[in-house]
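Next come two complexes, and both contain chain A; in the first it sits with chain B, in the second with chain C.
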Partner chain A sequence: MQANKTGITLKGSTQMVTEFFGFGLNSILYQRGVYPDDMFTRKEAYGLSILVTSDPKLEQFLKTVLDQVREWLLKKVIKKLVLVMKNVKTEEIVERWVFNIDCEKQVDSENTNSKKELKDIQNEIRAVLRQIIASVTFLPALEDTCTIDVQVYTDKDEETPSCCYESSALLIKDAEQVKFKSFSTTVHKVQGMVEYKVKDDE
Partner chain B sequence: MDTLRLDSLPAQQAVPQSRLAKRNSNNKTPSKNPKTPGKSNTPGKPKTPKTPGGDRFIPNRSTTNFQLSSFLLQERSLSNEGLSPMKQENQKIINDHFNIDPNTKILSFRDRAPQPIECLYNSYRFHLKVVINLLSPLLAIDKSLQGATIGSSSVKSSTKRHIPSNSERILDAPEIRNDYYLNILDWSCSNLMAVSLNSHVYVWNATTGGIERLMSLDEGDFVGSVSWMEEADYLAVGTSDGIVQLWDANTSRLIRKMEGHNSRIPSLSWNKYIISSGSRGGQINHYDVRSRNHQVCSTNAHTQEVCGLKWSCNKQYLASGGNDNNLLIWEAQGGQCFTQNAPLQTLSLHQAAVKALAWCPWREHVLASGGGTADKTIRLWNVTTGDCLHSTDTNSQVCGLLWSSQYREIISGHGYAKNHLSIWKYPSMSPLVELLGHSQRILALAMSPDGQTVVSAGADETLRLWKCFAVDPKKARKNEPQLSSKVMMDFTKIR
Partner chain C sequence: MAHFDTTVTDSVVKTVTKEYRRLLKRDSSNLMNDPAADKSLDSSSSSVRQSLNFDASILSQSDSSSYFEDSLHKERSVRKELVNAKAKIASLEHTNIQLETSNKKARVEYEQQSTEKTLLHDSDKVKLKEIERKVLSLERERNKLRDKIAETEEQAELNYLNLESRLRKKETKCLELEKEKSTLLSKINNLEEKLVVLAKDNQSLESKLNVSENNNDTNKILLEDALEYEKANKKLREQILEMQSKLADSEKRLYDQQKLIVDYEDDAAIVRMNKKKLDSIPRLEREARKYKEELEKATSFSENINLLREQLNSEQIKSKRLEERCKQLGVIEVEFENLKKQMHYGGSHKVMELERQLQAERTAHQLLLAQKGELSSSLSSLEGKLEHERKEYSEIKDTVIRQDNVNKELNDRLKRLKIRLEMAIKERDAQVALVDSFKAQLDITVCDGAEELPVERRLKEMEKLSAEYKTALENIQRQLDEKCTELSEQKTVSHRLNAKLKRLNKQMNNTLSSPVTPSGDRQMLDHLRNQLQTVQGELDKCKREKQAAAKELGLQAEGLDLSESKVIHLKDNPLSKKWENINAELARLHTENQRLFERVQLLEEGHSFADITARAEENASSVKELTEQIIGMKSTLKCEHIKYKRLEEQAQKTIKELKMIYFELTGWKLYEPERKVYKVVNDLAVCSEHFLYFKRTEKEEGGHLILLKNSYSEMESLKQHRQKYLENYGSISAFLAAITLDLNTIQHNDSTLMTND
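== the complex of A and B ==
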């Protein structure tokens, strides 16, 4: 997955970022209680223990998303990955988890241009995941049943794959925003944030 | 120009558009169409605002900069001369509204994420707030099932239950060691209470009332800690010379001795077949009682005496508190029953020795800890994140903590000045009642297996039994407590 000491290849970086999204999305879904506890099992990653879904349907959905994301990361056309939480009844968007992705366009599949240690990258990733897990403390509780949606922002000229369709942005009115730490593999830089609806004072 | 557009538009729309185009070319005054001044330049354009849905893509009025978007709209129609079909046009407008780079397109996945099951779990999440605020959890469930409103139910049921202010029974405990760091009291699942009095360990059978001396050490040695195994009547005894002894209470026989510490053992905690022991030197050792080479792991993260040691209810975490004022959380990894060499969390907010530790029975990652004389606080922790959820000043050293399994309450045992027990409401940590009786400080607390009675060992050489979590028999019968408490556990986890 990672080339020798010279640096990280596009392929290796893609693998790392995809893996991060896998754990990130899973722990968001668990931490926010979108699905019941018993749909998740504990896994070790980056020295953290992270809850990952074991439900076949949800697993399949995430796999579809991640496979596609991996392809886009390789092509360096992905700009954003957004996880949207929507109230099932009112269709109102209550929370958005946005991951902005910057791709270093100069790196091609063979060359590497970085000297960043794998360990440093993993430390950065761990810090981001910690923040995601810790964010439960400040986010308002999801009071009604919520469902999720994943949106990906890509380059305009990128062909729409069969598993996707073009749509408009799903946004929150008067959202509060909290940015997370970012991490960079030197090929891809990922900056996460969460937007949430501030509760109306009744 | 018209034909070009006709090709790209559906036939239905083509007709009115050409009509409009004609009409528009007749009306030479631009003021006829004041709302979209820019678009009146192009013959095909006036259609745009008239089609249903021309406006519906502006959902976010308050965050939209209208002047800017209006300008952008005009500019676009001027430069593009309205050559693009409706759909693309709309898409562009939306994109402009949300300041999205025009080179970006947004894709959604056709596969839908599975719908969250609309079960008790989800629909009850909302009622959670109510449930924890209520004094009686059983009542709370009933009300939320009936769909009672939040406000009324929480007000109505906040009537106080009766907590007897006197101890139900007093046992004599001569020669009890007045040492804050020791853990000399434990009550087993089979209703046996073990207490160490200096060099002896006595077992009081709470069912029959019989008292038996289980073991004695040589003159000069003393017992630092006792702990019952969960599944069997085996008692682990930590001694002043650093040996963990394992006793069978039914036959009163010593099963084995396990060495490994070179100083006294003030704290013990079981995890299945592993006994974890903390020593005066700050080591925590894990002994496998089944195996010949009993020591499976030894850690050295505390710099001073480990006076508090507790495995969590699900045996996933181990909490250890030391005289170095640190509270460490350890995690059992990979299905093992002992911890790794490095702690998961180091919590250093206490200002004195951390002896009193108790894990929440219904929220697996919530821990309550109490500090010594210089600290006097009870803190609640989320151990997965290391956040301190709550801190309460008790005005007295905290010697023991227990969670009620019957009510959402915590009981704490204290020292100077009042030598009292205090019951706190969870999660608000508002004090409910103080139980007075001991004339010297409380050394340890234990709870009966049915969760109704608490025993406190005082330095005044008495053990006092308090029936402070008694279940109302009427209520218990009505609600089938087993079922209800199961449901409670399922949906009251906050993460």
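== the complex of A and C ==
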């Protein structure tokens, strides 16, 4: 980790945020039952036991996503990372896991920002991950088979890489919204939230 | 004797050798396994030992030393042989044991193998059964699949028929359109021809005009031309009408938006009202607390009453006892009289004693009487107290019941208010969601107000809501302004078009009035065509703008600016890929299944083997087309279904709203338990059974609403109203209003009484 006594660098912050996204996406996929349970293995991170995928295809996909996100984080052009869950049959959007990212534009790759302890940042990340894990209690069960989509909101001028294509936003009409705690590395601030479709009978 | 001894030793040696041989034989014949043989071996060894002992005893008895030495030597040799024999026996026993163990091992192995084989056999049997079951299940599945295929085929056939019918309709429409087109073309051709003719005629007319201006034939042709122009004019007018209808639509939308704003304002007023009502909650809670205290007092009173009752019972028992004593005293007096009589006859000493006893008895009686009086007085006072307490208790009970009723009503009102509040909140949320440009993200998280009072918290929430509401209103206002600007733009466009139209009309009139010039008409036609093209171009542009606006709207809903950000979608998602593959595989299998089914059908029909493939492929291609058509139809059906659902939801929502408004305005709740039967319940109804039924009569009978008889409608209190408003005036609304007024007065009187209390 690129954190030292004086502060955290852009690289270090990017590394931390990317790592968080990796664990976050994995635990969402596990908690929401998008992939079967036997495709996940336990891994210790931030003092938590987090389930991480062992499926090579999904691993590869997440790797490409995270590599791309890392690049965008370093460029400070990323604004949002959205994990969309939609019904396979009806193609209806049932859930959106949104991570808003605020980048501190003044920090360079070499310069450091204010002095925030690594432990504090890790504690904040742990709290967010705990909230993600606990969110299963209030989210409605995904009764039908669902598939996922990953969307990233970037600056308009940013070139679209080969692994991606431009599209319109996938939104949920009349969605219920629950915000999670945020965490900040002083370079990047991540605010997570989940949007879900409320059933008519509720 | 010596001879005897030698014979004995010989006999011993012989027996030993015999035994040894026998053992050897047995060894050779592998009789060691037999347990009986073992026994015989033991017995034989023991017999040998016995014979040796016997021999020794005989030898001890012998006299001659030489012979003794010989015999000893022989005996030693015999003993040696015996030892050897014993060793051999031991070795044989050892081999015997070894053989036995090997035999046992062999048996165990054999048994194990046999059990394994039986287990294998059993597992094979089970597997066979499972396979059989699987085969059966597969057959069943196959049958089911066949049935399903048949069903799908039927459906496909039906769909095919439907599609065919639609296709025919479309074809007929197409034909009609083509006919129309051909007629229009023919008309155009005619017009062009006519134009040519007109040009020619014009030329001729010009020549003729020089000759004679009042030629009738040319006038007729001119009139026809005028008619044609009128037709074109009509078309243009239709276009204008279309534009006007669009304008009307946009105005309608504007009106809807204005209506929405009015609704919002109404909601805001309701919220304000609710807020005012919520202010009275603490007062009501205070009253409720007071009544609770009174109730506690009443319960303590009732406990006192119970204690007093117990005291009364004990006093009653005491009085009973005193009465018994009085009776006893009477008996004693009678005895005293008797004794007095006896005194006249008996001694005076006894009389004196008896008189003393009597006096003592009398004093005791007097004391008892005094006690009785005291007790009776205390009893009467206690009874008075009891009655007073009872009265108080009943009064308190009545007040408590009344207060309970009031509390219930208040609770009901509170609930209603809450429901209204929730409805208002829901409405607000719905409106907020509808207005996607709601930029400020709502923080639902309500801070933990453990220390705050619930009313205060509610008030704060209400204030928050009203603030959010205001922002939403502002947004709507902004949207409305945008729409207004759009509308004004559209209006200017329509004005421009109208002006163009007028100009064209003028031109037409001019052309009609002026002598016909074919070149000018052509120019006009070209001009119109150009205009049409430009209009189409504008339409396409509008469509493109709409798509871009939809995109922008999506980004705005996310709180982002389209000019600054874009949405990127990540490719090669394994899950969606997997599902795509599954769907593709399913489709492939379906087509394969269809193809095979076609083949089977053709085979069943008895076609030759060579034709089958070609025919099946033909059928498959037709099926493919059909399936594509079916998919298209399904998608349209889905769209229609969603539309219908949305409409239904909207209708339900409006019905609910209307019901609520009706209830708020009139105080009557309306239900429809049966078709054309309506149940109305007043909000202020005292009893749950106080409701009325109305029924709408059939159309043939006039389709009027009539009041149905029930216990409530037949009540005396309603009789007057019924006669006055229903029978005399025939007004149901007046009748219901009268009932509401009555109930309101009753309610009001009750509440005033309560406040006076």
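Going forward, the second predicted complex is superposed on the first by the 200 of 202 C-alpha atoms of A that agree within 3 Å, B and C clash if a C-alpha of one lies under 4 Å from a C-alpha of the other, contacts with A are read in each partner's own complex, and residues count from 1 in each chain.
What we mean here is this: a residue touches a chain if its C-beta (ideal position, glycine included) is under 8 Å from a C-beta of that chain, and two chains touch if they have at least 3 such contacts.
What you see is a predicted model; the values in this text were computed from it and never measured.
With chain A as the common reference, chain B cannot sit beside chain C without a clash. Shared-chain residue A:Tyr30: touches chain B; no touch with chain C.
Of the two partner chains, both chain B and chain C are touched by A:Lys156.
In the superposition on chain A, A:Thr64 makes contact with both chain B and chain C. In the superposed model, A:Glu19 makes contact with neither chain B nor chain C. If you count the residues of chain A touched by chain B and by chain C, you find the higher number for B. By the touch criterion defined above, A:Ala141 reaches chain B but does not reach chain C. In the superposition on chain A, A:Tyr165 makes contact with both chain B and chain C.
Residue contacts after overlaying the shared chain place A:Glu104 against neither chain B nor chain C. Of the two partner chains placed by the overlay, neither chain B nor chain C lies in contact with A:Glu92. In the superposed three-chain arrangement, chain C is struck by just one stretch of chain B from 40-48, 148-156 or 472-480, namely 40-48. Of the residues of chain A, those at positions 34-35, 55, 57-58, 60-61, 64-65, 68, 79-80, 88, 145, 147-156, 158, 160, 163-169, 171, 173-174 touch chain B in one of the two structures and chain C in the other.
The touching residues of chain C, when paired with chain A in their complex, are 429-430, 433, 441-445, 550-551, 554-555, 557-558, 560, 562-576, 579.
In the complex of the two chains, the chain A residues touching chain B come out as 30-31, 33-37, 44, 49, 55, 57-58, 60-61, 64-65, 68, 79-80, 88, 130, 133-134, 136-137, 141-156, 158, 160-169, 171, 173-174. Against chain C, in their complex, chain A makes its touches with residues 34-35, 55, 57-58, 60-61, 64-65, 68, 79-80, 88, 145, 147-156, 158, 160, 163-169, 171, 173-175, 177-179.
Residues of chain B touching chain A in their complex: 57, 59-60, 62-63, 91, 94, 98, 100-119, 121-123, 125-126, 128, 331, 333-334, 382, 384-385, 387, 493-495.
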